[in-house]
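Same chain, two partners: subunit A is paired with subunit B first, then with subunit C.
After this line comes the complex of A and B, so read on.
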């Protein structure tokens, strides 16, 4: 019963994936990490980031974990997002990266 | 501040040095923004290095939020004086103030980031303490 429900949930909210190159000079250091986390927290969707398309995946809502990724400038940031507001979340996250977190 | 959301957990920074406490608070404001109630205190009553309970109580009052207050401390006396200040709070507030086991600067930024997303006091403390995990 529980497994059936879990399966149904993943069917409805199939994970969205996309990637963007970090353009801001210092990469994902402290300040951009805070902005990324704050943006992610604005959505109910599960949001994860990784430096490679196959992971390892990091919870984008955890400021400490995001800072530990230490993604440099030029790195490709991959997103994996699932949830009812996943599309809006993906749009917002990609815009943040493209915008250099407001400091490029 | 107009953007202040009273529902977010407040952050109090306690250091032996008022310069460290104020500097850490500056970092929080610049990196996280104004959505979090924030106060700092540092120095003993004579203006030297140290901490004092009255100053900590005043900081808790300034940063008070119905969601509670997370305190970030540096060394020994900052922690014991903070715990003493919590003991002196009215009973209904005592359980809503927690001292975090986290580095004062990094912990303050992380705690404020967590708070700015509307997280609970327990989640704010947990996130700040991830630095030592």
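After this line comes the complex of A and C, so read on.
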């Protein structure tokens, strides 16, 4: 577990990273990308997604940019998140992907 | 001019005859171009106006259409979409030219996608582009189309589709388009026949006046000869009669050609699956999967939450029997915090009843909720993955204890009959030895454990055959055990919805099959064709 107090003391938020496989039938298309960006906008943390662990990174709060990623079903979606509510954001984003955006 | 037949791809089934309505793109020219600041303000106003129009439209449509439009609203609300347009405006370009160029570049990116699904989203971007352009040009975005027409064009936007009353029998014939487009999804939901990918449409000086659309075959005939039209009208009449008969048959009890009454039950995963369904289409619910309650990030469900869901399903069934399966986690259905991670062979590990007995604190909550729900209808409870009688006996003792505890607390409750799923070959071979109130054959697992082949492993998938004589022999054995003990036997796996197996399954003596709601009409029709 991360020591959240240590984070708060330094006010430096090392980026959190994680990945999840897209399980919903047609990948990160219209409705899932809207759900993803709406969820991301609920956090102050900077949230980015990519199809590879080393980027290129895309702003997860922009539906236009998320759609440009064209992430297909079965792709591994990488997250890079930094900010005070980063851990909660990461948990929420991963839950959304694991749930197949409610479409699976 | 003779008739012209074009062949494309079916996008929404059904037949239609109607006058042709040609989609035209709105090409009104704008008055005068202002300075960059005025142009930017005009563009901003047009984008905001388009979002308001869409929001108003969302309020008037059904949920699926609303979600499609919400995607457009989200895209319009994202500054990244107009970024390039504002830059061009600042450099002196007119607002409409700048917007068109920026959106065309975005659209080109979608059309170049590998996945057809992303290509199909181009139609949504075209819709957004044209709605904003119409705002800039002060034109109406959508020409009025009569609902009995065959709409003809290169492609059709969701907005244009939603502006038409499709209950009047119209159809869609497109030169381009995609079966994966949002409009195709909407057309299937509304029952409007649609054919896409027809290629160049006839327009020798003037457009055709009448079209016959075959959304099953993916063909369109423009300006048909009288004989062609007469034959097509016969097909339309026959199709209407068949549909009316099938819909009526869905509500009738299932009976074989030689007069055997077969009970048809439903498989459901959540109460939402029952929305809009008439309980009269079935003889009850043969399988309620409860895993959905335990999935997601909500944590393990409490007793009250489970009780509310079970009660909703019993209320829907209005007295018809409802069989709820206790949690069937593990195997291919991991649940975080409950199933064991990293089991070497999860299908042969701690799953189904084995997991429930290993986690009695979780199982007890479900048993209590089931006892409370049992007072609201005809509830039966079944245990998944039973291999030996001791598992049923232990679960039965726990059910007795929870029932007694509820009664002692003065809470309304009943003890539902407890049956087993027969999906482990050991349970099928020794079915008579179980004191079960009923047997429900889970043909998916029974097949994979009998054939030692998983259906999702391509290299061995052809071995995973529910119609194999070994699997049918185990089903027959279970049916005989049920007959000897005087308890009901049903089958609730995918084999029940495989019409090629209906004959073989009924030949084992089964009289109860459980399938997903979508398969009910087809299964009843297949049963009606079974003679012995």
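The rule is short, and it goes like this: the second predicted complex is superposed on the first by the 93 of 104 C-alpha atoms of A that agree within 3 Å, B and C clash if a C-alpha of one lies under 4 Å from a C-alpha of the other, contacts with A are read in each partner's own complex, and residues count from 1 in each chain.
Methods note: a residue touches a chain if its C-beta (ideal position, glycine included) is under 8 Å from a C-beta of that chain, and two chains touch if they have at least 3 such contacts.
Worth saying up front: this structure is predicted, and the values here are computed from it rather than measured.
For A:62, decide between first (touching subunit B), second (touching subunit C), both and neither.
So A:62 meets both subunit B and subunit C here.
Where does A:91 make contact in the superposed view: on subunit B (first), on subunit C (second), on both, or on neither?
So A:91 only meets subunit C here.
Going by the contact rule set out at the top, does A:99 touch subunit B (first), subunit C (second), both, or neither?
In the superposition, A:99 touches subunit C alone.
Should A:41 be classified as contacting the first partner (subunit B), the second (subunit C), both, or neither?
First partner only, subunit B.
Which chain, subunit B or subunit C, ends up touching more residues of subunit A in the combined arrangement?
C
Figure out whether A:70 sits in contact with subunit B (first) or subunit C (second), or with both, or with neither.
In the superposition, A:70 contacts subunit C only.
Looking at A:29, would you say it contacts subunit B, subunit C, both, or neither? Reply first, second, both or neither.
It touches subunit C, and subunit B stays clear.
Kindly list the residues of subunit A that each of subunit B and subunit C touches, one partner per complex.
The answer is residues 30-31, 34, 37-38, 62-65 of subunit A.
Would you pull the subunit A residues touching subunit C in the complex into a rising list?
26-27, 29-31, 33-34, 37-38, 59, 62-65, 67-68, 70, 72, 91-92, 95, 99
Which stretch or stretches of subunit A touch subunit B in the complex?
So the residues of subunit A touching subunit B come out as 30-31, 34, 37-38, 41-42, 61-65.
In their shared complex, at which residues does subunit B touch subunit A?
31-33, 109-110, 113-114, 116-119, 127, 130-131
Flag every residue of subunit C that touches subunit A in the complex, lowest number first.
67-68, 70-71, 74-75, 78, 80-81, 106, 109-110, 113-115, 117-118, 121, 124, 180, 182, 295-297
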